[in-house]
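The next part holds the structures, each set out as structure tokens.
Below, chain A partners chain B and then partners chain C, in two separate complexes.
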Partner chain A sequence: MFRLELLKLRKKTRSWLGPILVFWLIMLAYPLTVEFLQDKLEIGFFSVLWIAILISMMLATEDIFTEDFNDGSLEQTLIKNLSFSISIVTKIFTYWLLIGLPISILSFIFSLGTTEDFLLSISIFPLAIISSYIFLNLFVLGNALSLNKGSVLGALVTMPLALPVLIVLGKGLIAIQLNINFLSFIFLLLGSLSIIIVVIPVVVSYVIKAHLE
Partner chain B sequence: MNNNSLIVAENIGYKINENKLFHRMSFNINRGEALHIKGSNGSGKSTLIRIILGITQPVKGVIENKSTKEICYLGHKNALKSYLTLEDNINLMQLNNNMMLNDYLEKLELKKYKDVTVSNLSFGQQKKLALLRVFLNNSDLIILDEPFVGLDDNAHLELTTFLNNELEKNKSVIFTSHIPCNINSKIIEIPQ
Partner chain C sequence: MIKKFIHQFASPKTYLYQVDRFYSYIFLFSIITYIISITWGLLYTPEDFVQGNSYRIIYLHVPASFLSQSLYIAMAISSVTYLIWRVKLAAYLVIAIAPIGAMTTFIALISGSIWGIPTWGTWWQWDARITSTLILFIMYLGLISLHNSFSNHEKADKLLSWLVIVGAINIPIIKKSVDWWSTLHQSASITLTDKPSIDPVMLYPLIGSITGFFGLVICLVLLSSKYQIFIREKNKSWVKDYV
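The block that comes next holds the complex of A and B.
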């Protein structure tokens, strides 16, 4: 199932490359649009980084179910003797692998380029990995809820759910910068992720079944 | 009801808002039988099929599916990916390892289009590609919604022959069609 989802997404270049390019452009534009001195760039850098990840993940889910809904693939999946939730988990993971993971790697690179601090940047990497997966799941829920509308704006419904994650990311960053143990924030995000990756696919499967009905 | 029954529907009813599509509809399909659902446009044929598939829940009545295998279904939507090639779509349908694949690609005159993107195929060719899901099925129940639309005479004959052969193998077929076809089937008509 994973191989098939990968085949589909890989061939839809716009769907996976688009969000990565948007992320890349935001991060590239940041130092060009502020008039800080080089050493002050990092003041606003991480806020921009988290918001760029958030926006990119929102764009990534734009057509995650729309196409399958319109062409009848979701109906075919539903009548198979497979768990519908598992197929949704697989789909989300595939999107994260092709979009979330490259963005996390780019986060590390941009962080290193801006702060010139390897230890700080390497600490950013797990935060970016986990937060991108959480954001992706949240926006998948928003996209499923607005499946008939077919608009990325539907994903905004779940935007408030992402705010606590942004707060934790901010606190985690302060912990890294002050050299306090930031692992507790990673575990907090991992705990949230472990709940989200179980609950959201189940909820989404019910939402999609309701749409198909 | 008997042990040979595959689908048993009792007093099925469905309505959209206050508009009753059908009510108190009962039927029984045994193994090796075909059921032709007839009715005018908008009478609820596709809805009835979706109820049999379990995608839509009836407002009233119960439906029992005794098939243990996956249902083979082809509806109005072909479930094809227009940006993928014919071969990629076959992979997506997980039919690439089927022994009979090449035979059907030949019969349906699709073999030379293996590397062509589906969006560049004609409507009829897309329909034939979607029908591979039916021809290479491993199911004991085949459900088809207007399967003959867009098919040329050869493909029409191929599908009719195939479905009759499947019935002889004790498989069951449920279909809707406005196009006349030579399949020995029970008929239920949904009143307007």
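The block that comes next holds the complex of A and C.
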């Protein structure tokens, strides 16, 4: 199942390369909007980074189910004896592997390039990994809800759920910069992710079933 | 047993006739309670030692904030009821509550902003409580737009119910935001476990205004649910007889 999803996504180059390029462009465009002074760049860098991850994940899930819905693959998966939720988990993981992970690595590289602080940048890496996976799950839910109605509606209805994650990311970053217990924020995000990984695929599978009925 | 109870008392027809029976009593009780409480709160309670007269906005802000979260919880319960027991009325209630929830959340945000000027010196702060309430408001708008985007009502009901259940995660975040983060917004003055930190002179009209506002919002929900029933059951013979 994983291999099939990987193959399908690899063939849709625009679907996985597009969000990564958008992320790249946002991060490259950021220094152009501020003065090239190190401290000025650092002020807004992480806010732009989190928003860029959010937007990239939103774009990544734009057509996650559309093709499968139109060609009947989703119906086939549903009538097979395989667990529909597991197939959703696999799909999300594949998308994260091809889009979320490269974006997290790029986050580390851009962070290192901007702040020139290795320890800070290495701390950003797990935050980017976890937050990209959470955002991906949330937007997958949005796209499942608005299947055939355009991804904008889906993004609109699930975006509010992503805002608490952004708040935690902001607080986590302050904790890293002040060298206080930032691990608690990582654990908080991990806790949220562990719930989301279980709940979202189940909800998405029910939502898609409702569309197919 | 629960299933039997729900199916017996939750048919749209029974509900409609029960609403007609109790509506005027609930409305009269609520409006009288709210008018008395708000008059008492605005005219007969003393000024606050720190905030002066500006604190009197609590008689609108607190009931609206309380209701904005309570209505979402009601929507979540209705959604679970709909998805588990397939009760149509529960689905009608979910979409009937959504615009009223959005309205009360909007009142809470606006009244909070007005209160913010004399107390904090600013209309708005990206404080955890205020931001999470704003998220709730956007959630309500998102739910309404999601439901309106589908012409198939049954599908829209199912999708809406799932989203309401997932979005319910925001309610404990709003409730505990003042404890989890160091916020500008004060922590709760009335809790179920501790003695209220608010003076009884101010507390009694506040409880009255919450009760009255709650009743008035219930009346709005009843009217809105009646409208939903008319729209969705318009082809049924009993609706034609009723009208």
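As a working rule, the second predicted complex is superposed on the first by the 209 of 213 C-alpha atoms of A that agree within 3 Å, B and C clash if a C-alpha of one lies under 4 Å from a C-alpha of the other, contacts with A are read in each partner's own complex, and residues count from 1 in each chain.
Assume a contact is a pair of C-beta atoms (placed from the backbone, for glycine too) under 8 Å apart; a residue touches a chain by one contact, two chains touch by 3 or more.
Because the structure is predicted, anything quoted here is derived from the model rather than measured.
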| item | value |
| --- | --- |
| First (chain B), second (chain C), both or neither touched by A:99 | neither |
| Partner chain(s) touched by A:207 [first = chain B, second = chain C, both, neither] | second |
| First (chain B), second (chain C), both or neither touched by A:167 | second |
| Which superposed partner A:73 touches (first chain B, second chain C, both, neither) | first |
| Touched partner set for A:128, first chain B, second chain C, both or neither | neither |
| Touched partner set for A:89, first chain B, second chain C, both or neither | neither |
| On chain A, positions contacted by chain B and by chain C | 213 |
| Parts of chain A lying in touch with chain C, wherever the complex brings them together | 141, 145-146, 149, 153, 156-161, 163-164, 167, 171, 199-200, 203, 206-207, 210-211, 213 |
| Chain B contact footprint on chain A (complex, rising order) | 4, 7-8, 11-12, 67, 70-73, 75-76, 78-81, 209, 212-213 |
| Sites on chain B touched by chain A in the complex | 53-57, 69-71, 73, 75-84, 88, 91-92, 94 |
| In the complex, chain C residues that touch chain A | 128, 131-132, 135-136, 138-139, 142-143, 145-146, 149-150, 155, 158-159, 162-163, 165-167, 169-170, 173, 181 |
